[in-house]
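Listed below are the structures to be examined.
Heads up, the next two complexes both have chain A, just with different partners, chain B and then chain C.
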Partner chain A sequence: MDMKRSHYEDIRLFSSRVVFAWFLVFAGVLVSYPFAASWLGKNYYIYMANYMAINVIVAVGLNLLVGYAGQISLGHAGFFGIGAYGTVLLMTKLQVPFVLALPLAGLAAAGFGFLLGLPALRLEGPYLAVATLGFGLTVTQIIGRWDLFGGRQGLHAPPLALGPVTLAGDFNLYWLIVPTAVVMTMAARNITKTKVGRAFVAIRDSDVAAHTMGVNLTYYKTLAFAVSAFYTGVAGGLYAFALGFIEPQTFNLMLSILFLSMVVVGGLGSIFGSVVGAMLLSLLNLKLASVHTLPFLGPVLLQLSESWFTVSGLPNFQYIVYGLIMFLIIVFEPLGIFGFWIRTKIYWKSYPF
Partner chain B sequence: MAFFSTEGLSISFGGLKALADVSIDVQRNSISAIIGPNGAGKTTLFNCISGIYRAQQGRIIFKDKEIHRLPPHKIAALGIARTYQNVELFAHMTTMDNLMLGRHLFLKTGLLSGATLFHSRSRSARDEIANRDRVEQIIDFLELQAARNEFVSNLPFGTQKKVELGRALALEPELLLLDEPCAGMNVEEKQDLMIWLKDIQEEFGITCLLIEHDMSLVMEISERITVLNYGRKIAEGTPDQIQNDPQVLEAYLGGDDRAEN
Partner chain C sequence: MKKMLLWTIVMALVIAVCAAGAVTAADAPGVSDTEIRIGQWAALTGPAAAWGAVARGAEAYFKMINDEGGIHGRMIKHLVFDDQYNPARTVAGIKELVEGPGVFAFVAGDCTACALAARDYLVEKKIIWMALGNAWSIKPDRHFFFIYPNYLDEAAILVKYAVETMGKKKIAFFYQNDDYGKGGLKGAQQQLEKYKLKLAAEVPVEPQDRDLKSHTMAIKNADPDVVILWVNPTSAVIMRKTAAAMKFAPLWMAPSTLADPALMNQITGGLWEGTIFSCLAELPDADIPLMKKYRAAFEKYVPKGERWGIMYMAGFGFAEPLVEALKKVGRDVTTDKVIAELDKMTDFKGIFGHITFRPEDRQGQKEVFIAEALKDGKSKRLSDWIKADR
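Moving on, here comes the complex of A and B:
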């Protein structure tokens, strides 16, 4: 491996023709997917894809913070909420067009991310977790009690106009949400290959050494929070339209934990892993929410839950499953899906021997 | 005025005086050494210079500028780089990326230009490539080619020490602080290191200040030696003077009771 490669080869987006070919295949699938789904009359599948793409944006952004910069956040549902409410309110109250409202709401989330990053300069590990947790809960509380935010009743998303065209329905939204997710994922990957991403990892691996090599810890730690919050805020803005309706209860602690599980399942410090982790857990989340409707298993679980955990059915079943998955991953494969992928790749490389 | 000096530096941890009134002078483009028994305060002195610890008393002056109130990244930007006794590399990065981090202060790529690295002529790509060329020279100089794309945590300790030296050189410092650079190296690696240090001094014009326990290396390479014991400077001078100093002999022979910490 000591062969000197051209420097650009090391950092470019598509490190080889094979990778580029796979990307083309993937892009092809993404383009034909909504047509196939609507041809089959399965509009719900398009909604699912939109939901997944939104979570991919969050997971990628959160991984920049948690996996790369080595900070923890249990408050990302707060940024998600700021993005969602910010976009909707900018459009309804101030008549800001969507193309501006979405990035502005993302920047607002980034601003809060910056503020949340300030305590991160002094706090570590569990203390930071509690601080971010507090932030997330505060956002939910404020949104729930302030009339401007529609209070407990929530808000309806306004019609989404992109210049002359109005995007309505899952099929149309797909062409907004999925490309945004693809572009933001590629941008995140580029960040990790250049100065800023390296500074993030350096802070994670040894903040003392990073500091004495000239990395301004204050700047890069708060930047990590801000970038991560921006990603999450933009995802929140898109979510408001994918769902059509937002209410404060959505942006609760459980959502923050779901986001974190996506990153852990996918693999800390891997953009590719975040994409896969987010897609898997989104799917699981949609499926588990309706687990009680499954034949056989549904009634059994319902009964189990009623006799042991709660009297109201299976509302928290997902979280028990996420807890279990996180536990298993941390014990058996700390690198998540990414680690699994690396090991399979090595296995196949040396396969016949 | 000396190129670099400390004046009356003192710091204590709890009741322990780790440094007491330490003054040293370093001439531009020299190689100097700091020696002393275990726990003498050598590493603490480096930590004060690079801004990790703040001395409770005294001043540190680098090129006529007071630096003892500056944070570490500003001190680095003035041209002081260091290595660590127990190696502080970025374990989950490759050798290449570790050295590229050494170029942090030279890279101009911000967040947005980094995010838009989409072709080889983009601003960030040109910036990266130019700095990679520089890093490549350091890799060649330290013969780290075989380690280029390895994660540093998989490298033997001696090689990790070399990577750390390379990372410090990538910062293009004027003053290089080396904390036990040849600990864990075999005889051959020590020979190489000696030659490199000479090159670093003569060809790159970098001033070196090193902490080292290997007396033969210290005596051969350094022009001036400062001896610390219990946080105090007990002697300074040329290698010849130090080798014959009764207080130094006393510190090394009599101080064995603390040798094990």
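Moving on, here comes the complex of A and C:
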């Protein structure tokens, strides 16, 4: 049913008018969302959207590396940190305007991505995971010990000036972060449909076969790391402003694992999956902390935790839910939310047969 | 056409309901006829979960106040959320509380990065914050009150006690290489200058370092009478064990960040005995009425299996000045009135030292007292409250 009959059909952005209509609806929601939220006086929802959009950028970038090129990374918090620190330092120390500082910091992260891509030529699987893990941990150590980076005391983000306007507050940042996320997601989708993306997939499926067919492994493996790091670096730069303050411990191993789980939960090798996975896990990450305020379920859980959990009580619940989601997805839906979506679609298309 | 009309009516109703909700929420920031909402962020789970005890202490304190009848007919609602030491979660949680149920004030709140990330939003929303200490280099604001003495004062008092009371001259300083450690170092240097003395050795350590042999040798070679440990508990333990292995036994001193003799005794395997340390709050087993009352509240409201110690007491202590001010303000609670009342607070004595706030000086406590760690994690008070005069 999803059969593609021509190359053009495969590469075009919207496969049918219905999809295009849905896209318009989605864009409409994105545009009206902050107005609705601020009209209700809930800046908090805009902050949450910003946080999600930043994670979407990371997840999309990471999926290009893990899902498409088949290279694992447990060091993406490092790139995230390089992007955040790079943007802030370029702006405060060198007075580079934000419009330039953000992509430059992204490129700096890409540079480190390239370097990390070099060992990836020789390593795979768990060995690569350990190498990237080491990279992620090293970045926090170096940043934490260097006075230029504010040491362990961290750095404040400078005022964000875009030409004549200064963006401050969640509402204004939304118009920077969300469009960036949309554009970068579409760009990633395009990458997957070009020669580069096909080379990534070929390497993932079998690097020996890809090499035999003339795919330059050195070039494409390091490129995959660089592109992925660029995405993550840009997201890090945006994060510095969404939070207003950065310090080395923010970019720890847990963050890398969170990024990876977004991709796995969303669905490896799917842009749509990365977006949904990032949104779901960001939402859980923020909202599970206040699970006790839910109607009906909250008091029940509170009761349960008082009788069975340790003294720290209900907050433990978030780990259980988190673990359960990961576990269920890996056992029942290895393709993640994307796989679930595909099956639902097929089911309804062939309904009632 | 009829359908359109129906939809319009439904939409209008939905909007009206939402708008009504928004208006009532914005009307009273955290104070209603029956309750005052006080927020707190804490690492209840995750790597810094030990700090969660502060939040549980505050919880027990507020329960005690509520059972005594609340404050002028209002109950305190304590809204704690778990930020796992992650600033992104802290900011989200604070926004959710402030824009959801509404919060009158925040108490305590750990984690430097979290506090710094939260600062601007609290200023923007004009919310009172009873913060730990301004050692975090948080930019002051009309709504912020810092309780703990700063590290400069505390180090100066330790040095003062060593020189004036104990008659020691050769003091070495072992410090963590960040603002915490450097603050203590500066205070010690300033105090020694008054006696025309210099530190015998100044040795920095990174908190991640696990092999402290060279650090210990550097201090031992200076042959000091006193070594001040201005580090985190892990580094302190490693230093003490390394020193014991090298048969190096000076008089050890430590600041209030290491003032949990029971814990330190346990993790050093008994080596902590004899350490002289400064205390911000009365000793946990002190025989004074207030401490007895709090211990009783702890027994009553905190689940079994927890230990009454510094962390829990801190939870009680951070909330005390705010409750005191709320009691004095009376029934008509507004942010401005409570700030004015806090700014009048003079030598308020709760579980901590005497606390004084002034509009131009929001550093509440400026004194500590000195105690000695005894065998089996017990401790003995050696001095009265000492003020810094560096």
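The criterion applied here is as follows: the second predicted complex is superposed on the first by the 310 of 353 C-alpha atoms of A that agree within 3 Å, B and C clash if a C-alpha of one lies under 4 Å from a C-alpha of the other, contacts with A are read in each partner's own complex, and residues count from 1 in each chain.
One rule holds for everything that comes next: contacts are C-beta pairs under 8 Å (C-beta built on N, C-alpha and C of every residue); 3 or more make two chains touch, one makes a residue touch a chain.
In this text, all values refer to a predicted model and were calculated from it rather than measured experimentally.
Which partner does A:Arg145 contact after superposing on A: first (chain B), second (chain C), both, neither?
A:Arg145 contacts chain C only, not chain B.
With the two structures laid over each other on chain A, which partner does A:Thr250 touch: chain B (first), chain C (second), both, or neither?
So A:Thr250 only meets chain C here.
Determine, under the contact definition given at the top, whether A:Gly237 touches first (chain B), second (chain C), both, or neither.
Once the two structures are laid over each other on A, A:Gly237 reaches no partner at all.
Between chain B and chain C, whom does A:Gly61 touch in the aligned arrangement: first, second, both, or neither?
After superposition on chain A, A:Gly61 lies in contact with neither partner.
If you stack the two complexes on chain A, which partner ends up touching A:Gly266: first (chain B), second (chain C), both, or neither?
neither
Using the superposition on chain A described above, determine whether A:Gly41 touches chain B (first), chain C (second), both, or neither.
second
Of all residues in chain B, which touch chain A in the complex?
By the definition above, chain B touches chain A via 50-52, 71-73, 75-77, 81-82, 84, 88-93, 96-97, 100-102, 104-105, 107, 109-111, 113-118, 120, 124-125, 127-129, 132-133, 136, 145-150, 167, 171.
What does chain A use to touch chain C in their complex?
My answer: residues 39-44, 47-48, 51, 141, 145, 151-154, 156, 239, 243-247, 249-250, 285-286, 289-290, 293, 306, 311-313, 315-316, 318-319.
Given the complex with chain B, which residues does chain A contribute to the contact?
1-2, 4, 7-8, 10-13, 186-188, 190-191, 193-199, 201-202, 204-206, 208-217, 223, 227, 269
Residues of chain C touching chain A in their complex?
18, 21-22, 25-26, 44-45, 49, 52, 56, 81-89, 91-93, 95-96, 98-100, 112-113, 116-117, 119-120, 137, 178-179, 206, 208, 302-303, 305-306
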